[in-house]
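Next, two complexes with chain A in common: one pairs it with chain B, the other with chain C.
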Partner chain A sequence: MIASSLLPGLIIFGLAEERVRLRTVLNLSGALVKLVLVGFVLWGVSQGQQYETRLALLPGLELVLRAGPLSLLFVSLSALLWLVTTVYAIGYLEGSPHRSRFFGFFSLCVTATVGVALSGNLITFLLFYELLTLATYPLVVHRGTEAARHAGLIYLRYTIAGGALLLVATVWLYTLTGTLEFTPQGFLDSVGAEQHTALIIIFTLLIAGFGVKAALVPLHGWLPLAMVAPAPVSALLHAVAVVKAGAFGIVRVVYDVFGVEFAANLGVLGPLAWLAAITIIYGSLRALFQDDLKRRLAFSTISQVSYIVLGTAIAGPIAAIGGVVHLVHQGLMKITLFFCAGNLAETLGIHKISEMNGVGRRMPWTMTAFTVGAFGMIGAPPVAGFVTKWYLGLGALQAGQEWVIIVLAGSSLLNAAYFLPILHRAWFQEPPNTWPKEFDFGRKETAWMLLLPPVITALMALAAGLLAAVAFSPLEWAQFIAEQEFSRP
Partner chain B sequence: MSAETYAILLSIVMVIAVVWPLLLTIPALHSRLYWPRHLAIVPAALLTVLPGDISRQLPWLLFGAEFAIDGVTRWVLAMSVVIWFIAATMMKSSKQGFANGRTTTFFLLTLAGNLGAVLANDLVGFFCFTTIMGYGFYALFVQNGNAETQRAGRLYLIFLIIADLLLFEALLLAAFTTDNLRFEGVRAAIAKASSSQFYLWVTFIGFALKTGIWPAHLWLSSAFKSTNQATALLIIGVPVVMGWLGAVRWLPLGEHAFGISAMIIQMVGVIGVLYATLKLCTPTSVKIVWMSSGAASLFIAALGTGLAHPTIWRQYEYLGYPFIASLGGLLALLIVTIGWTQKTRHQHPAVALPRVDILSRWIGATRQWVEDTLLGLPSLWHVSRLKLVKHYQYGSHWQKLRDFVVGWKAAITLFVLLGLALAWLAT
Partner chain C sequence: MGAVFTEFPWGVILILLPVTGGILCFLWPQIAKITGLFIVFVVALLVVGLAWQIFNNGVYRHAVGGWGAPLGVDLYADGLSLLMLAITALVGMGVSVYSAAYFKHEQAAQFWPLWLLLLAALNALFLSADIFNVYVTFELMGLAAVALVALAGSREALGAAMRYLLAALLGSLAYLLGVALLYHGFGTVDIALLVERAEPSPVIWAALGLMGAGLLLKTALFPLHFWLPPAHASAPTPVSALLSALVVKASFYILLRLWLEIFDPLVGGAGVEQLLGLLGAAAILWGSVQALRQTRLKLLIAYSTVAQVGYLFLAFPLVAAAGVSAWSAVTYLVLSHALAKAAMFMAAGNLLCFGGHDRITDLDRVVQRLPLTAAAFALAGVSIMGLPPSGGFIGKWLLLEAALMQGRWDLVAVMILGGLLAAGYIFKVLGYAFTQADISHESKAVPASMEWTALLLACGAILLGFLAVPVLSLVGIGDPFGIGEVRP
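And now, the complex of A and B:
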């Protein structure tokens, strides 16, 4: 699964710019092969099969890749959205320079994400996590403008600092326990009570390290700046790889390093839940005042990704389902929104919300997809976001943490406050006589390679909510994961 | 035809009644059909005339949904079909092309939500379809509208979002209490739960906001004033009647005596009826708003009685749905008749009042109430129509504000009287 994106990526690096067809074939075949492989492994794991690869790194330390239910949820999401994003990126970057470099790093980025997902221990996780940082930096600065370089620098500072914290925490943890192997319900049960203070510090360091990529407040500063990157990169950062890797890291730490019960007894989950709640509200509040569409979406991501953290920190099986399933749901909805934002920019030169009057008439399919994504973010049924909020709310009641309901209600209200005016503008305001910068696509509203991906992902977001109860739905898979994490052997 | 085959046929018609208008929302599809809005109603119309009761589980939909039709649901469905059919006929868009296609899309989306909510037999399904219906109706309401319509639409949207949030809380409480989210299952389980009072209030307030009963009638009056006749008809058929239906289905009626809460709901209903009656006497009010608000209040008073006396509700429960259907049908008939009368007499459909924002209105209302009541002025006396008009003749500085606060003055006074009555009853 890792090689299916690594090999095409390495070949693409060496391709000349004009080898468009070969590059496209390599990109798409890599993405398709990965998807097929994920399908096979998914089927195997659902039938009780186990897949694991070990490679010795240092004495006592191994590079471990393991396909468990939680890993596969993230891998499936990455593989599926990588294919869609690749199609979109091919259309988006048509005719632009440095495409081989772009697609090379693009493939490397997905390789690192799959590595992060499949990691069987903390050290493997850390290696791929850092690879992800290095692979995404060239994508952030791809345009080469002053703003892009500045954003890239900030991104690098944040993520390298976060990586350093992770390294310290990992080494410290290894010295305490002698193992870094991800284990259901954690591997710290045997650590004596005298080490609990150290464990609390380690937990804090790990959360701070992963919190940078997950954009937890106050470590979120890089994310709105990174909006200068091209739309496919934004989609990758927000929905497929980077912020997801951070959130996934937090889930791993709570479930497979500390264990939910142990972490709850240690008293670290309460503050984490509060931090997530603050981030949810803060992100929404900041989004409310942004006129730049991508910046508004960026602050929305800050808010929405913390649902995953909140679901994990509530420490109950039902809330866990809400948190885990949001890994997929947020990805589907947010990638739709970013694709649509890219379409508006590439077709009509629209970057600001104040420029969106009547755009629904000019680009109905794009704005329909955007509408589905926006309603999903609000948590309106039957879009996927409703399922997340349902399980988070129910989980909060189950765990006796009723305050979470108020946070969810407040967040929904704020989401409505910053998404509905956009929809109102787009559908019910009169369009201007001229758009900021209009490109001609004949009778079509935009290029089909730009239009198809958001329509597909919007349909998937709708299906994930509407058909939540069917077999192999993200919800069913999340229920399977929660069952594993919360059932004592 | 065997009973089994007939049941399958009925189930198919029931599912198609919801899915067909949803499918037709796709512009490429409805633009190729003649009379798509009317065609979309046909399966639902067929369902109203096909005899027999049926319920069908759709385990793949949402968390597992269920549709059902029986004798009493058929009443509401029939009323909805009639209202939508009249609205479809009345809604002859003057614009062609995009605007017309868009109107049809929103019309069909709202219709599908409405029919789905009528046929849903569980809380999640009902909530999902009413959400689709609510936002679809907003789009239908504001599109092609002027600035005043858009303002009214925004107000409706605010009420809708708050109502949906409250109902979502109720839904969570219900799901936390029981795994069986069918209406009767929730009613039975929630009545015994410790959170029953909280559930009762969030549900009641949620649906009160949707139906526009006093004192949550702000959006209703604003919406009626600013819209055309076809949409006014749909205001009754879509948010108002569905709010009543939801209240009957969600509230734990006939299960447990709710004492003081039920009494408050009864009194809110009674005050709403009185208030609407008083407003109907004022020359400046839009009559249909108060007819609707009064009818909703009457219904709320009945619900309050049902909550206070479960045995009475159980005895007359079967009248609930025909009551909703008749009330909705009657109001729809009134709108059509008024519209027709005004059209033949070339009158404007509604008297537009000067616009004052909500904050000023509340501040002004409170100020007016303090002036008139606390300072010893006979506030209730002012409610009478002649005195109000006289009172306004002397006004200069607060003229515009007072045009509005008259209603709120009466409302606040009645609210205080309600509080006093409750305090007295409690002691």
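And now, the complex of A and C:
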């Protein structure tokens, strides 16, 4: 019975390979099958079953795929959002060239993300993490313009350098401990005190490596530039794949490599929390001054993703719930916002916030979804973002770190300051006589394949906030994960 | 049945068959292509036979004509030799299929005999048990390789071939002098006997100096690499692939063998390893920076070879504390580089054939028009950069592990920097491949077999990333590195 339940992890992973040959049907059915499989595994794990796949990579080192609770949270998020994004991308790219190349790398990208999520040790993580870098590069440069090439180059510089740091840190860790297996509460207890300096350096290297993708502040330079990519790619980069993989990596390092307690004793979590706080404020401040809608959203991502890091670094069970659950919430809300931005660009040719006057009347559904996403970002109840902030704040108080509350409040204010004017323009100002570049969709607002995804994700974001206490909600999973990390053996 | 397999002199046939084939191709050029292809595939089967034999009987040793050392010619094969033979056969098959479509008419008639001779020389070299035999195979290999470079017929190719000839001859000469010294000092040229008889003396140092210099020149280790880029870049594509993937490795293999068996026990710890490591580090940086500066694709790839050779030498200073990891790393880097570099040159050859030039900035939109070739280049690039999952990654991982165990942070830094620079030059090429520039030149069709061989070899380099356990256990046969089991 155990042998039969080992397989799904591999199947999920194997599926995506075939989709490289992509046809639309194949794409959608792949996404659906994956969703069903994830659901199945989810149910299995909640019944206490184990899913694990191992493959020897080097003598003593194995490729491990394991479906733990934290993995599943990330996998379900990516499976769900992937389905939605696929629908959106098909609508978005209708009639544009190189679609098969695009969807090929798109699927590869999701394969890598799922691999990152399921990996059971650091080397497997590293492997899929680098694969993710390689798979997203062609997506970023997809448009083929000079700007895209430049952005791709910058993106690579950051990520490859980050990957190199990770490699060094991983090998070093391996020579110290002889294992890289993710274990709740860390596997470093056996390391002697004389190695603690080395461990601090390793921690720094790992955080720097993951911080590149998670866009922690001095390392965020690539992200706003990568906005030249098509909207579905931006959505994917921000909500599911790249940025999340980085944040997820940090969560993994703190929880399953070092262990919260051990890391706190090393004294590395404090600086990490500060770094996250700086990133939150800095990202919000920069967002305030962007006129380009997608760039504003990009800076907002920089700020929001650091909530996850912050929740992890506060080192208390309640804050941990907030951090982990934000992994899901931020994904839902940000993808909604990017879908909407893409819709505005594709339907009316709007790229700048100053062009958004009265757009709510022309595209009510899109802007309703956008509004939900924006309120979530600000942290207004009952949208999902509120749950996160509530737990983060509570957790910070519990851990005796009151300054975090100030950061949270400041960031919420700033969020409001850069989102509310957009909403005001969109709903309450007079629309101009002509839009920058209007496409004809008959009487409809826009193509249904573009409209449906943001509405669905907005609903999900609402549901995640309203139904947070229901079984199988992201919040409940996050609680489960936090219990596992903080329970005493 | 089993006995026939286990007693059959696979090794001898491995050498004789390509020689015979070469002569046949020379005599009847009209059937050269068929004969050549047939023989290369048979050689691959023979390697499988030899592998079978080694699995069953352990190390293979065969006295040709029944004479035996110290008088006769001995053949010797352990796990390392077997792997080198296997990679030669594998790359050889790829190159042969590629060449069948690449060379036309007269060039084909000249290519096949030379290539088969080169193959015979390579096989003989990997099977040699004495250092004089190695000299003979060096000469054969050098002459065949030089003639192959000159096959391109262009002015630059002839100049490069001339330089290559001089370097090869000089290298062989230095090596031969070393052999003579050893023979004079200890009365034998058989490696196993030398190991027993040799003792620390000035003769050993002189021999090490001469043989080392000769071999380094042939391996093109910085700063003795001057002949490599022009020769590899101006040769016909299949030849470039052969030279970078196999010929350079052959002299490295001998260097490794001699160092491990004869010199290391006698003069180890006297700073020679450190010198080799230093040169290796310099080669990585210099080669990568030069590669980054090139505007022609084939020159870029050739300089990348200079850099990659450097990695092999980094292992020497690391052996003291982490022999297992270091030598496994070297083996792995040799194998994956052979596959990846062959694939890369072939991909470059396809682009050259397609567009009529190899200027990197004008590689517009090849991704759309030659997707298989672009994929081959990208996959080979992944291995060269050392990103997972690929053979190059495994090699680099092991090497990093060795460096960290020994606390050699300088070497760690060099490796990381080398990887970043490699990413720089690979993506320099790939970045242009995605642009939307107008098509500025007439294109010719590229035969499908040329695209597919490049892709398959590149996939091989990636696949090698998942085969570390069996491959490394194979190297352990006969304990070529003198370290007992390869990893517990």
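Criterion: the second predicted complex is superposed on the first by the 467 of 489 C-alpha atoms of A that agree within 3 Å, B and C clash if a C-alpha of one lies under 4 Å from a C-alpha of the other, contacts with A are read in each partner's own complex, and residues count from 1 in each chain.
Just so we're on the same page, contacts are C-beta pairs under 8 Å (C-beta built on N, C-alpha and C of every residue); 3 or more make two chains touch, one makes a residue touch a chain.
Here the structure is a predicted model, which means the values were calculated and not measured.
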Query raised in the report: Is A:57 in contact with chain B, with chain C, with both, or with neither (first, second, both, neither)?
Result: second
Requested in this report: Report for A:397: first if it touches chain B alone, second if chain C alone, otherwise both or neither.
Outcome: first
**Report entry** Touching partner for A:167 - first (chain B), second (chain C), both, neither
**Finding:** second
Query raised in the report: What is the contact status of A:145 with respect to chain B (first) and chain C (second): first, second, both, or neither?
Result: second
Query raised in the report: Is chain A touched at more residues by chain B or by chain C?
Result: C
Query - Contacts of A:420 with chain B and chain C, given as first, second, both or neither - result: first
Requested in this report: Based on the superposed arrangement, let me know which partner A:127 touches: chain B (first), chain C (second), both, or neither?
Outcome: second
Report task. Tell me which partner A:409 touches in the superposition: chain B (first), chain C (second), both or neither. Result -> first
Query raised in the report: Same chain A residues contacting chain B and chain C, which ones?
Result: none
Query - In the complex, chain A residues that touch chain C - result: 55-60, 98, 101, 126-127, 130-131, 133-134, 137-138, 141-146, 148-149, 152-153, 156, 160-161, 163-164, 167-168, 171-172, 174-175
**Report entry** chain C - residues contacting chain A, complex
**Finding:** 365, 367-368, 371, 378, 382, 385, 387-389, 393-394, 396-398, 400-401, 404-405, 412, 416, 419-420, 423, 427, 431-432, 434-436, 465-466, 468-469, 472, 486-488
Query raised in the report: Contact residues on chain B for chain A in the complex?
Result: 27, 59-64, 98, 102, 124, 127-128, 131-132, 135, 139, 142-143, 150, 157, 161, 164-165, 168-169, 171-173, 175-176
Query - Complex contact set, residues of chain A against chain B - result: 361, 364, 375, 379-382, 386, 389-390, 393-394, 397-398, 405, 409, 412-413, 416, 420, 424, 427-428, 465-470
